[in-house]
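If you scroll down you'll find the structure; I have some questions about it.
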Amino acid sequence: MMSLTFDLLLGVALLWSAWHTLATADLIRAVVSFIVFGLLMVLAWARLDAPDIALAEAAIGAGLTGALLLDSVGHLRARRRPGDNG
Amino acid sequence: MTALEWPLALFLLANLLAALLRAARGPTAADRMLVALLFGTGGVGILLLLGRAGGNPALVDAALVLALLAAIAGAAFARRAWTDGDADERRP
Amino acid sequence: MSAVLEVASALLLVAGAAFYLAGTVGLLRFPDVYARLHALTKADNLGLGCVVLGLSLQAESLAVAVKLLLIWPLVLAASATLSYSIARRADRLGITPWQGKEDR
Amino acid sequence: MSSGLVYAVVGVLLFVLGAAGMLLLPHLLRKILAFNLLGSGAFLILVGLAQRDGGVDPVPHAMVLTGIVVAVAATALALALLRRLHALSGRTQLADESADE
Amino acid sequence: MNRALRAAVVLGAGLLAALLVAAILALPVPAVRLPALVAAHLPASGVTHPVTAVLLNFRGYDTLLEVAVLALALVGLLAQSPPRELTHAPSPGEPVLPLLARVLVPFLILSAGYLLWAGAHRPGGAFQAGAVLAAAAVVLHLARLWPAWDRPGRGLRLGLVGGLLLFLAVAAALLAGGTLLRYPPQLAGTLILLIEIGLTVSLGLLLAGLFLFLAEPRSL
Amino acid sequence: MNDPVYDVAPWLVLLPLAWAGLAFVWGPGRGARLALAGTALQLLLTLRLAAELLSLGGRRHAVGGWGAPLGIDLAVDGLSMTMLLLTQAVAFAVFIYARAYFTDRSADGDGHGARNHFWPLAGFLLAAMNALYLSADLFNLYVTLELLGLAAVGLVAAGGNAAQVSAALRYLLVSLLASGAYLLGVALIYGSYGTVALSALPLMSADAPLAVALAAALMGVALLLKTALFPFHFWLPPAHGGAPAPVSALLSALVVKATFYLFLRLGLGLFAPLGETIAWLPGLLGSAAIFWGSWQALRAQRLKMLVAYSTVAQLGYLFLIFPLLAPDGLALQAGVMQALSHGLAKAAMFMTAGVFLQVSGRDAVADLAGVAGRLPVTLFAFGLAGVTLMGLPPSGGFLAKWLLIDAALAQGRWGWAAVVIAGGLLTALYVFRVVRQAFASTEARPPLAPVPRTLEWTAFALAAASVLLGLRGMEVLHLLDVGAAS
Amino acid sequence: MTASQWLPLAVLASSLLPGLLIFALPEERIGLRTALNLFGAVAKLTLVGVLLVGVQAGNTYSVGYTVLPGVDLMFKADALALLFVSLSSVLWLLTTLYAIGYLEGSPHRSRFFGFFSLCVTATMGIAMAANLFTFFVFYELLTLSTYPLVVHRGSGAALRGGTIYLAYTLGGGALLLTGIVWLHSLVGQVEFTHRGVLSPLSPHYADQLRMIFLLLIAGVGVKAALVPLHGWLPNAMVAPAPVSALLHAVAVVKAGAFGIIRIVYEIYGVEFAQSLNLLLPLAVAASVTIIWGSLRALAQDDLKRRLAYSTVSQVSYITLGVALFGPVGTIGGLVHLVHQGIMKITLFFCAGNYAETLGTHKVSEMNGAGRRMPATTLAFSIAALGMIGAPLTAGAVSKAWLSDGAQALGLEWVGWVLLASSLLNAAYFLPILYRVWLKPAPARWPQEHSAAQGWRETTWLLLLPPLLTAAATLAAGIYADSEFSPLAWAQLIARREYLTPVP
Amino acid sequence: MTVIAAALWRGVAFALLWWTLAEGRTENWGLGLAIIGLATLASLRLLPATALRLSPRGLLGFGTFFLVQSIRAGTQVAIMALRHRLDLAPAMLELPITLPPGAARIWLANTLSLLPGTLSVDIGATHLRLHVLDRRLPIAHEVAQVEARIAAVLGMEK
């Protein structure tokens, strides 16, 4: 019972953060919501008895992808400088 | 074995959900990032509790990795993403 | 012995949860980003510390217990560094701390 | 309702959300985020469905691990392209799709 | 995109969701159960952790292609990054993060090694280990202890695809013996470990590369 | 399963991966010889495999020795064999062409990135296609699809200008959306049957669970998206029309065929019962593709855009076969023949477009005036390729068209035959739009850059092959008849 | 491979291989190119001679190659094929000679002669095709290989003419293909057979067979320039004179007419076609074309256009002959296939000479040309008289057989059509003859060239071919009863077709 | 000499860590040794052996101090957060620091971030910028205390 409640709650949290990822106006917010989503996914994998995936998600999903996305957001928000045309 | 793991895990998750309110409210990008960091520490706690509750010791490793790597996103945020406070949000 | 440990462990876990709650409430109620950082770095980390300790008391082996305990300093170090980075960034971006109602 | 099934249903919703996001959102970064949501949804369905009777099935675990790495690779490539596009043209959206030349 | 199309997409998404949920809830449990097969063949796989057995033995071919996907993404990404001047030499800026990095990175390396080692008998393995290694590189970069990468030299290029090439070499050697990726049972454990070591290094470099080849040093 | 004959099929995946990796290590812009040697070897192996197939029947290779459903099986039958042959042959010719194309002269025209990273990317692309044709496992097919998609995107983007990057991004996103849908289909299949091995999956029955029908729909849509069937074609013209010529040749000739093959394979196998009830749909979309693609090709200003829209139209023919699939096998034969001849001809056509571009620095159709006298071989190659696309005798395209009309009339289904005929005439319109321009005499004779003979003659060779294929139809059909291993 | 198999192939190869070699030749290798051309033409003539003798002796020559299951590429050199083959190969030699002279010094000659040879190869294929599939293959090849010739000059008019040409012929090809495949799906592969192959079919299929007939005839009718499918022909006049000769006399329209013969005689069979009530409409269509073409010719001032409409009219004599259900009409049609070829090619050669030497393109500019260019004009006059049907010319022979055929059937209106046509022919040819011989020459020609060598008139290469074909026009008329005359050969064919003694 | 000593110490430390991570299992110890070696090498590269010289006694003292203080910190924040009325008096302070630049100061800053009421915001050349939740508390005193503890660990007398 308790675990089912946990699952449902986690599901709601996942959906909420996913929704925020797509629906917020600001890019950083979206990315941060996505990182939150990634962290919640780690919990979901843990609940699904998939520690391997939880590990990978923790490392890749929450960590690297988050950093990569944040870096990209910073890049996109930076003003274009002269000589930046590649 | 205590029977506390499940209720506590549930409690912590509810906590995190409540924190999402802050993420929704902002106002600065940093506030949202704080929520992400909270999810990091909270997530580590929940993982450990789940690991104990489900008898899955490997989740400790997952928690460890999460603890190590959640910081990266934060660092990237501070270093790379949050370069200009959103003009409309920069209020005390 | 084990009964004592169990009770201690349960107490620690509950305390940890309480600190987590405090951290969350702080995050929600505190007025600005700096104050919220306080809540995060202190209450939540302590909450995690309690949970880790509580769980390690029940660990099946010493190594596992130490491994659990290892998590805490890691999180502390990361958390301190990040809070510094974010606070500094906020400061540089010109976000002034909330001064309380009387100062307004 | 087993937890596998719960996550499968959540996965469905995530998938659909991501798919709609990929189609509807104009900003490319959001499309990329939406793709990741979609992928996570599919992974959840894969594992959730396989474990809906409660047993653990390592095969979908391995598949999802593969899928995660693939998703990261795709995300990184997409971000690289997006950044390049931004650097070249300042755009972060695709041009109108009816323009052909 | 016009309004009607948007509405159609939303409607379609809703319909799809409803159908999928209905389908999932009504689905009977299948007859074929792979977990039993996996468990039955686990002793012959060379490892004791079923996920690793699937990943590197039963479905090792998937993994081979997946590593290729990652390498490919990096090549594609390299083709995207124009030649640039790296004005930024590693220099101490703000000092707090660098200290964390200096302390943390050796520990990250140790953890990566642990995950690699753990893969044989418990959750872990080359991917997770590689990701942690990559995280170490990213942390170093964010702390400005390591510059962003420009055109990789031959050594780095070899490192990037070395894991793939090693995997390929093992696969080719086994194929020359008759069947693709059919490990001799007594050598399976060793070969898998060998591949995993190679993969860890390469995946670490690749994942780090995804960040470091893109990252632009900007003064903050 | 112990084969009496040593199995060469897996080498077709390992080899290109190996030379791709080595070419990457070699360094930017290098590895052409390695790639050519590797591809030549693959071609030889494919020929040997085809010979084995003809004498021994379909083959199956249990990777890791486990066998389905635990392990992954590779399988070759006539259908996949023909596609493998096409892939190696076209790739070999395109690579010879590419080696001459990506020289320093192209620095200002077609991007340094393309030159620097063509070989590894092309290697991955080739490996992906070979793996796709060989795979008999739904999830493994997912991985090959991703490998294929990313390699193609990388190649499109490698040119590096804004239009190319934008086209590549659109391509990538479409490809990822499609892969996601495909993966969901795989997940549903696994949830329904507990396995993803094609040989272990039961044919979809009438009382199959809803999940299986949904999986079929999702996977079908995914593959149609990737194959760019109208109305999912929108991503193709900018991607194929914008990429450097050798890349366009690979993409248009081979890559879209791979996903078509998979669509066909699943439609004939796993989802056949479902396919029968809605087979008119791909046919209808195919017809729309023929008309829309041809119309756009007629309007296109740039030659490569014209050729790209021609691909949209020609892909339509491939889908006309679905409503006509019948035990007589005519439609299937038509589809394979069309895939083969279009593969050869379209590669040739993009290669000739590349020659025009390199020679004049521009590729507007209007700029082609007077090219006939100055680049006769290239124009001839274009014309021959056009003959195949129009379906005029004695080309392979003609045989495809003949078989298709035959199939339609044998079933008394007039409409489809009319579409085929009309499509051929529309093709003639846009092909001769180019040829006519090339024959026009002009006063202005801008200086033409010298162009390596290799470029002209490889294009010519492929175009000629596409025409001569019409005379070797029996061999193709004979090979196609080889059934799958049990 | 036996001689009976390789001979047809050798006939094809004798123009295909030189053609391919010529493509590869650089522009300035004039000598080698000429040698290849002439070698091919002479070799072909020799081979055709061997075949003629063989076929007359009753030998069969056939060879096949399976392309698809139940679909073969098949050639056979029967009497009918040889009628067309010999005409084309003789005229090819002459046209080649003429073209060498005509194009001297102009650009892209390798391309020109390459496609020229391909064109002849396609014609040989059409002639020797043993089934509809093979026929179609070469029919389309002919379209493709003539297009570059039509647009050879690259001018706006040439490109326009080429486009119109393609639109008609490819459209016709599509109809033809539909008909062929339809027939194939009904009865499988059918070889051309004397007296047709469809008659055993159940009457149940009659409607379908009528539809197929319509498709097939419309398909080949485009090339045969049946009204209203003739629009391309006058527009293609912008091509160089040797190409016009090729289109009108050697290859294209002849291929169409030949296709009609094959379809009516050897697929449907005249009796069966008659039983389906298909022949009368065909005869009507042919008659309409004959009259319409002549009327249009009257209105043209441009010489080549006038000749083109004349072709529209004259080629339908062949169709008319085919449609006249009976041996006499058949002989008339068949013989006209040859006679029209030699006469019309003469006219085009001469028109080319006028344009080259004097720069005159219009009838109204031709006053007195006969005095300036007597030899050319003599040839022109003979051919024109032949067209009208003057006695002692080839034209007289065909017209006589045709009207006899009509009478044999009791189709009186056909006789009237023929008579009207002859009058119209006279109406548009005689004024030209009057102008060239009797009107005074102008002070200056529009654009006069004098030949560097040869006669004052023009070079030998341009003069010899029309004189030879004019002579042939007379010979075919005068010696119509000799053993190897076109008439004799047509009688041979008709004998085999009807298996009855022929007058 | 110091390098070797540091390498040994760190090697032992990493070996202990490995033992912890591996939960006492010893199969494939060769791999383990190699990894420990790698980690040690990386550590020596990143943190030169001369940078820190820790006093064990000071460390122990610091540890207990830190534990106690961080419990205090957590409790204090918890009380602040959970109190019915939010009673904060935040401020930005600049406090002079006496510790030498480098690791010591960073340590100080990080410690302060984790201790009651203070949050380091910027390490300046002479001053440390701090955010405090309640400026009515004796901040300066506490900072000085922490400084002393750290100085003790590093073997420096304040």
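By written order: A, B, C, D, E, F, G and H. Residues from 1 in each chain.
As a convention for this text, a residue touches a chain if its C-beta (ideal position, glycine included) is under 8 Å from a C-beta of that chain, and two chains touch if they have at least 3 such contacts.
Bear in mind the structure is a predicted one, so any value in this text is a computation, not a measurement.
Enquirer: Starting at chain D, how many touch steps does it take at minimum to reach chain H?
Expert: Shortest path length, in steps: 2.
Enquirer: State which chains count as neighbours of chain B and simultaneously of chain G.
Expert: Chains in contact with chain B as well as chain G: not a single one.
Enquirer: Taking contacts as defined above, which has more of them, C-E or B-C?
Expert: When the contacts at C-E and B-C are counted, B-C has more.
Enquirer: Taking all protein C-alpha atoms shown, work out their mean, then name the chain whose own C-alpha mean is nearest to it.
Expert: That would be chain F.
Enquirer: By mean C-alpha position, what chain is farthest away from chain B?
Expert: Centroid comparison gives G as the farthest chain from chain B.
Enquirer: Going by average Cα coordinates, which chain is farthest removed from chain H?
Expert: Using the mean of the C-alpha atoms as each chain's centre, the farthest one from chain H is G.
Enquirer: Between chain A and chain H, what is the gap in Å from one C-alpha centre to the other?
Expert: Distance between chain centres, rounded to whole Å: 30 Å.
Enquirer: Using CA atom averages as chain centres, what separation in Å is found between chain B and chain D?
Expert: Averaging C-alpha atoms per chain gives centres 22 Å apart.
Enquirer: Just the number, please: Cα centre separation of chain A and chain E in whole Å.
Expert: Measuring from centre to centre gives 18 Å for this pair.
Enquirer: From the C-alpha centre of chain C to that of chain D, how far is it in Å?
Expert: The mean C-alpha positions of chain C and chain D differ by 32 Å.
Enquirer: At which residue positions does chain B touch at least two other chains?
Expert: 16, 33, 35, 40, 57-58, 61-62, 64-65, 68-72, 75-80, 82-84
Enquirer: Mind pulling the chain E residues that touch 2 or more other chains?
Expert: In chain E, 20, 24, 27, 33-34, 38, 51, 58-59, 62, 66, 69, 72-73, 76, 80, 82, 94, 96-97, 99-100, 103-104, 107, 111, 114-115, 118, 123-125, 127-128, 131-132, 135, 138, 142, 207, 210-211, 214-215, 218 touch at least two other chains.
Enquirer: Which positions in chain A are in touch with at least two other chains?
Expert: Counting only residues that touch two or more other chains, chain A contributes 3, 31, 47, 49, 51-52, 54-56, 59-60, 63-64, 67-68, 71-75, 78, 86.
Enquirer: Give every residue of chain E touching chain A within the complex, in rising order.
Expert: Residues 51, 82, 115, 123-125, 127-128, 131-132, 134-135, 138, 142, 207, 210-211, 214-216, 218 of chain E touch chain A in their complex.
Enquirer: What part of chain G is in contact with chain F in the complex they form?
Expert: Touching chain F: residues 23, 65-69, 71, 73, 107-108, 111, 136-138, 140-141, 143-144, 147-148, 151-156, 158-159, 162-163, 166, 170-171, 173-174, 177-178, 181-182, 184-185 of chain G.
Enquirer: Across the complex, what residues on chain F touch chain D?
Expert: Residues of chain F touching chain D: 139, 142-143, 146, 150, 153-154, 157, 160-162, 165-166, 168-170, 172-173, 176-177, 180-181, 183-184, 186-188, 190-191, 194, 234, 237-238, 296, 300-302, 305.
Enquirer: Applying the document's contact rule, which stretches of chain D touch chain F when the two form their complex?
Expert: Residues in contact with chain F: 8, 15, 18-19, 22-23, 28, 31-32, 35, 38-39, 41-42, 45-46, 49-50, 52, 59-60, 63, 66-67, 70, 73-74, 77-78, 81-82, 84-85, 88-89, 91, 94-95, 97, 100-101.
Enquirer: Show me the residue ranges of chain A that touch chain E in the complex, using the header's touch definition.
Expert: That would be residues 51-52, 54-56, 59-60, 63-64, 67-68, 71-72, 74-75, 78, 86 of chain A.
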